[in-house]
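Take this structure, written in structure tokens, and hold onto it; I'll ask about it next.
Chain IDs A, B, C and D follow the sequence of writing; residue 1 opens each chain.
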Amino acid sequence: MRMLINSPETVVADALRGIAAAHPDLEVDVERRIVVRRGAREGGRVGLVSGGGSGHEPLHAGFVGPGMLSAACPGEVFTSPVPDQMLRAAAAVDSGQGVLFVVKNYTGDVLNFQMAAEFAEEDGIRIEQVLVNDDVAVTDSLYTAGRRGTGATLFVEKIAGAAAEAGAPLDEVAEIARRVNAASRSFGVALSACTTPAKGSPTFDLPDGELELGIGIHGEPGRERRPVMPSREIARTAVGAVVEELEQIAPQDGPVLALVNGMGATPLLELYGFTADVCAVLAERGVQVARTLVGNYVTSLDMAGCSVTLCRADEELLRLWDAPVRTAALRWGA
Amino acid sequence: MRMLINSPETVVADALRGIAAAHPDLEVDVERRIVVRRGAREGGRVGLVSGGGSGHEPLHAGFVGPGMLSAACPGEVFTSPVPDQMLRAAAAVDSGQGVLFVVKNYTGDVLNFQMAAEFAEEDGIRIEQVLVNDDVAVTDSLYTAGRRGTGATLFVEKIAGAAAEAGAPLDEVAEIARRVNAASRSFGVALSACTTPAKGSPTFDLPDGELELGIGIHGEPGRERRPVMPSREIARTAVGAVVEELEQIAPQDGPVLALVNGMGATPLLELYGFTADVCAVLAERGVQVARTLVGNYVTSLDMAGCSVTLCRADEELLRLWDAPVRTAALRWGA
Amino acid sequence: MRDTDFFRRWMAAAAAAVEREADRLTELDSPIGDADHGSNLLRGFTAVRAALEAEPPATPAAVLGLAGRTLISTVGGASGPLYGTLLRRTGKELGDAAEVSDEDVRKALDAGVTAVAALGGAAAGDKTMLDALLPGVAALGTSYRAAAEAAEAGAAATVPMLARKGRASYLGERSIGHQDPGATSSALLLAALAEAAG
Amino acid sequence: MRDTDFFRRWMAAAAAAVEREADRLTELDSPIGDADHGSNLLRGFTAVRAALEAEPPATPAAVLGLAGRTLISTVGGASGPLYGTLLRRTGKELGDAAEVSDEDVRKALDAGVTAVAALGGAAAGDKTMLDALLPGVAALGTSYRAAAEAAEAGAAATVPMLARKGRASYLGERSIGHQDPGATSSALLLAALAEAAG
């Protein structure tokens, strides 16, 4: 176990104390596990609350602040938060304009946010929800759990956050969030499994020299195992899978936002090299890239690997993407 | 080999192409291996050039931009750049006000920057150099290579960059850079070795259940091997080592800037938990923390581990730290 | 008739079983999930035990209601709301009687399991906890022991199934060959019920 | 007398030796360094070979000057400037003669090694390339073969040394027990010289 922790039980609380120490802009309730933008209720804006299992940092707490989330609810590692957290967060950020829950599509997240939404509505808080489900590795059907929510969460939180910051009403913020999700697709690749504090050993065996295609962000294996490929082949596979799905949804043209995301343990040096390959494949396919974000944003603990998320973005989405944001992990124009 | 690369030989060039694709604000010369702030020569400012072996990303290319570096010169992985790079970078950024080289104290970096400085002066460019040597794990003496340069490089580049941005002349920028270095100390811990592309296997054997204390940033083992310790014990060891040295240099009081740095593969979740422990130990010791920066900034490829850097900062240094900065990896106020 | 203490013994036995089997549940959740089912339930049932000790409820329904709410508030993940709903709904069916018959228990659990199916949208054969709960509750008409055994068999029968709900479904064909962790914990829950019945 | 071709053969032999031994040099640089010495020199001597072929220099001094500059421009690290300086300085000492004596070579290399010591600030016993270069050059008075053997012995003698310069010095006591990579490549360089001498 190569972990920098005190004990598996205290990992999330310890991290919250660290976030509180490092970011005086945030109100951190360690006990109740919510991270709230200071003064979130001021300004009469729509609130934006997200959350999910821990282990994906900086998602979500790293995205709390002006121009993005109003609050984040971190669950245990890879375990969705409990409804009490989202209920408290909604109460802490609602200025009467209502609150949008940004929910990644996992059974646990869906159920817990759903319960929280019911409790919050009982308390008189208007709630809308957006379900993020961008992962093309997973078959979407009525008879399955549907596509997972992964990298597009960042796009949804940034763009809906900009809309909320600009004073858009709840319905509009929710509509934009859904639009971003509908226009986004992702594909992930693991070069190593990750190790959860509770288990203390890798979540699956991946022999040296093999990789997993179509992984999610919870240390689960992917759809397929393959011998290792050079970065440019991985880019071809990932971009191919994403673009093929993207071509089936409207709008079918226009530039994309690209997120080249590291899973946690892949060095930035490699991630930038992979970015070059991703951009080359996109150029080959005639996809124009309007903005590229590279880094470890939606991670899976210490997993080595990467994911590619593309969002077909019109003028409005690009403008909201470029709007100022000031959070621990994403910051520009402010 | 769990690497996201095309070939060990092309790693640095591939990454530079990715940096060029992701950051239109930067001028990237892939062939000549320099990354220059667009319009660096405009504004009549002192130029700030740094560089070193690759594998420490985002250092240094991630710190090029307004308020920080004018240019970065990435060498091969863990190999200092060659003088031609620094010479070209100096020529590209010099507006006649001269250029400060920020050099981490490694024999290779020192010798190559020294040669570049001589060539540049021959070309009529005024050069000053600052040697960063903050690592307390290494004995500093006339008869050794001296302390290594590690995390303090970020402090030096940020603060000297702010001074240059504000229009300070070369001597002053150099003086401030030296002051920051003199007031900074670091200590690093590895929970795993890293794997260089050229070697393809870990640079040293570290059995599960053990850690290395006093490591540098080039995959070299540390001064001492120990059984794994909980995060709070690691914090006690690292902070203790740093503070003891800090107490021996002037000024002996005043608050500190703290960098809690991940070596590359340690999840942010763990790094924030470690931050809480670092802050607790500092509070116990009566050290006041003015600013805390947490993240993977000065890395060692895919090494798991962390380092702590403290800089005793007076009002002026704090003001320069807070000044706007707009780079790929560090960004605020702009 | 089954009194309040019976339901407290059930919950205590369930907590003990989860404590004993937590590592195995996490192990099972590792190849086809996210390696947390054991620690999730351990956290939840430790809290249930503490809650029941702190303010001992007066009726069977109150025991299950408090246990269900506690699971919802402490577990998270898929299993928190599902098991929480199972217990809350089962409790609700029992009304405010101080003692209930075995038939009441059977009917209430049946309603509880139906609520789980409604909440999670899963059906028999989807490789979820329902594959232990459904046969288990069906066998309750015979005896608590029979229910426990049917649930255990139901859990074992998930091995060859292809998952259609929950995280395991992301694996597609690769979910085949592994026993479902939630079905396994459901079998523990019904075994604990049999244990409480003596 | 040694002509220009002799120095080109030396550099070619050195390039071949580095190519052959690159992995071992990187291996040696792994426990007490940063695992790049082999790939550093491979990059450098590949470039040296190409440069010498592209514009064949006319004098011994020009061969070594071009080789030295090429190493400085392509290697980086500690060894780039040090080996670059060694060759440039040695070349400079040879003046612009078309042929030089073995004694000229000895004196020039002696000056080259002195320049390396001045640049890097290391002395005998610090566990660096100097521990092969110094005894090697001292034995040049006897023969090229003797110089190669003395350098080889000097490299082997670095094993028990405690490093005081270069990266290995960061390890303190733990640097003991490993052979210095730079001393090893220096022995290869002098062996290549002996090979060129035939």
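Just so it is clear, contacts are C-beta pairs under 8 Å (C-beta built on N, C-alpha and C of every residue); 3 or more make two chains touch, one makes a residue touch a chain.
Note that the structure is predicted; figures quoted are calculated from it, not measured.
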item	value
Intersection of the contact lists for subunit A and subunit B	none
Inter-chain centre distance, subunit A versus subunit C - centres from mean C-alpha coordinates, in Å	31
Distance from the mean Cα position of subunit D to that of subunit C, given in whole angstrom	73
Whole-Å gap between the CA centroids of subunit B and subunit C	53
Multi-partner residues of subunit B (each touching 2 or more other chains)	77
Chain-level touch network, classified as line, ring, star, complete or other	line
Pairs of chains, among all present, that meet the touch criterion	A-B, A-C, B-D
Subunit B - residues contacting subunit A, complex	1-7, 10-12, 14-22, 54-55, 57-58, 62, 77, 191-192, 208-209, 228, 230-232, 234, 260, 264-277, 279, 289, 292-294, 296, 299, 301-302, 304-306, 326, 331-332
Touching residues (chain side subunit B, partner subunit D) in the complex	8, 53, 75-84, 106-108, 111-112, 114-115, 137-139, 143-145, 148, 196, 198-199, 203-204, 216, 218-221, 223
Subunit B partner contacts - residues on subunit D that touch it in the complex	26, 30-36, 38-40, 43, 72-82, 119-120, 164-167, 169-172, 174
